[in-house]
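In order of appearance the chains are A, B, C and D, and numbering begins at 1 in each one.
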């Protein structure tokens, strides 16, 4: 069975380490915060200018001056700091964030990512996504493996305008956990109950399946 | 009579305006702070990271954490702010300081200034001087008109390594107040009792003396 | 009165000199920390042909969105404009020129303008539509593009607490783009929730030194919330 | 123990991994806000062949000067070195390589390194010895030179108050180069006068967020004064 959004977030959460500073994009990445293992602490960076994002506020705590990058009202966690957007992106661009998780429309075997624009249809802007993919060493892209119409999102060449060039190494889809090495997708793990043949069929870019492919542990 | 150091500072102080943010270099420029007209306020910027430098501290107020760019212990004035050196030079480089006063070894008709190094003799470094001359629109150079040996410091071409190229417009010496226009020195004022012939003799670069030259009012 | 007193008496005075076809740099992220009343004053003045530099463009009836509705904006430089239907309509119809700029690059362009840095290299946008037509240069085996600074004729800024000399403190994430915007205007206009006498703020805790501020006014703010997300007491 | 607790138990641990021929970025201006005890630990370790990036190089017997005396520094990148006789001797004799760098450019090089900006243009130094061999480029009819960022293997920083997560507050002009240095080290080591539990500092008033800090230690400081200038009570 394909992973649910929650299961995808759970699998990504396994990549966290104690003491990680993490930037989570909107959508599935946001859910990762719910699955931080209890024996570790991570600190969430919100690119509008907050390190140490806390949970949503109660009705009493709500504060128009305290929001995250998704414009949602939030609180601060213990040890938080607040700063300007220039400082926030200095942090991001300078490679100080340990892990970035974000969604995408397409990824290709060259590590290119398209996530911000569908010409003629969706032109909302890249926000901080271009800075995030250019600045981080350690990025996990989360997305469904294929569109609703069954079209692969893992391509040999992205068709949409790029968010970043050659910057993606890891992709977690509802079907598989994949690493990009030397211009090829490498299947690391398949979702429980998902056939490797199905993953192959839905992966348009070249996919290498070694004998060490594991079933995901959710 | 040539101006004393104090008189030079007094003349420079006449160029101040109420509400000016001013950076004063070491030496004669520092003395300018003593002659701020009583009907105006200026705020002194110290490039290590202080806007609103106050007077020297009393013995009781002395604080090793509060110094100026000359490494002297100081206090803060009303409305002061303290910031990093990057912010301080953003302010300077970005042209936000209204007036910069600094010393020099030589100035030439092209607005070049040499003030930081005498090869083989004096190599202390430029500190913030290069940023100050590059960042400010409004700079007054204060220096004696000639060396102790009678050699002019107002040249057709600086002989020492430059601190800045084409950035000086006004020079206040012990003999004259001079403006640089279109590659020539223009005599604006002469010190009381100083003959124009003497100024001409001690100015190596081309000097224009109009009929409107005034005697300085100290 | 001190020459450092930046306080003006009215919003009209605060934006005196703002003319058609000028460039305005605005602080704020979404609807958080936006100079609400200065925007309303621009609406009232009816200034046209504006170039606006701001991370977002408000919503249809609040923030910079109100200037869109009145067709006062000709061009906008922003990173994200997804909250505004009128915006999308004007953009798709070609009435509005939009330069999408990555959020970090936008912040840095403002900072650079204020700091006398005409251009800088960044990896952000390399190989994407943002990098098209821009110089590419390699440092330590990585490719970067050259981005130039953006200066405004006016900068409009929202602070929390100010002193009369224009020293500013921002509150929580309402800081966002405001400190950089404050440095990037030929004329920087600030509205604050509170103005205290100079000397009352701790010099160590000032976010924007008064040297960047030209005019200052005290305002009252609606502080509209864009995404009201709450948890119920007891919920994790 | 939280993974964000940056506190180490000893100065030895604070500088573990520092090896010969590494580059160190140091905070401080003159003797103000310098990481005194970290410098002393480098002296004790006897690490050699160091490249030091710091605005000044201390005085003969205090601050970075003590590393000069022991000939631990091979190269220094600084803006002003006039307070140090031993420095001048080593420089003139060619034992020490010195790269004089304008103060603002030095600060910006550190900031750029931390901010992922490999290079920027500045008018500072154009047409002077500093600009020799550097690219010149014209923006809006003005000439600028290209300056590259400087990253350190280690950065050594002095803060006033820190929390255990490495959030830092500096005091008065002891801030100077410390905030930029803190961002520019592959490993950033901070000594502070006081360390409080995480959560005690106001998030709005932190000068350096803990993300930049790898190791933190509490120290006691001599805080030597270089130019003790005083006025007598009653004097203006």
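Following the convention adopted for this analysis, a residue touches a chain if its C-beta (ideal position, glycine included) is under 8 Å from a C-beta of that chain, and two chains touch if they have at least 3 such contacts.
These numbers come from a predicted model, not from an experiment.
Chemist: Shared touching chains for chain A and chain D?
Modeler: Chains that touch both chain A and chain D, as defined above, are C.
Chemist: Farthest chain from chain C, going by mean C-alpha coordinates, please.
Modeler: Taking each chain's C-alpha mean as its centre, the farthest from chain C is B.
Chemist: Tally the contacting C-beta pairs at the B-C interface and at the A-C interface, and name the larger one.
Modeler: A-C
Chemist: I'd like to verify one number: the distance from the centre of chain C to the centre of chain D, where each centre is the average of its C-alpha atoms, in whole angstrom.
Modeler: Chain centroid spacing, chain C to chain D, equals 32 Å.
Chemist: Measuring from the mean C-alpha position of chain B to the mean C-alpha position of chain C, what distance in angstrom results?
Modeler: 35
Chemist: Any idea how many Å lie between the Cα centroids of chain B and chain D?
Modeler: Whole-Å distance between the two chain centres: 28.
Chemist: On chain C, where are the residues touching two or more other chains?
Modeler: 108, 111, 115-117, 122-123, 171-172, 175, 203-204
Chemist: Please output the residue numbers of chain A that touch at least 2 other chains, ranges allowed.
Modeler: 50, 76, 82-83, 89, 92-93, 134-135
Chemist: Examine which chains touch each other and state the graph shape they make (line, ring, star, complete, other).
Modeler: Looks like something else, not a line, ring, star or complete graph.
Chemist: Got a list of which chains touch which?
Modeler: Going through each pair of chains, those in contact are A-C, A-D, B-C, B-D, C-D.
Chemist: Hey, which residues of chain A end up touching chain D in the complex?
Modeler: Per the stated touch rule, the residues are 17-21, 40-43, 45, 50-52, 76, 78-83, 87, 89-97, 134-135.
Chemist: Sort out for me which residues of chain B touch chain D in the complex.
Modeler: 46-50, 55-59, 62-68, 70-74, 76, 82-86, 88-89, 92-93, 112, 117, 123-131, 134-135, 161-166
Chemist: Flag every residue of chain C that touches chain B in the complex, lowest number first.
Modeler: Contact set of chain C toward chain B: 2-4, 111, 113-117, 163-165, 167, 183, 198-199, 201, 203-204, 206, 209-212.
Chemist: In the complex of these two chains, what residues of chain C are touching chain D?
Modeler: Checking each residue of chain C against chain D gives 108, 112, 115-123, 137, 139-140, 142, 144, 148, 169-172, 175, 203-205.
Chemist: In the complex, go through chain D and note every residue touching chain B.
Modeler: Against chain B, chain D makes touches at 29-33, 55, 78-83, 88, 91-92, 98, 100, 102-105, 107-108, 110-111, 122-130, 143, 160, 171-180, 207, 223-233, 236.
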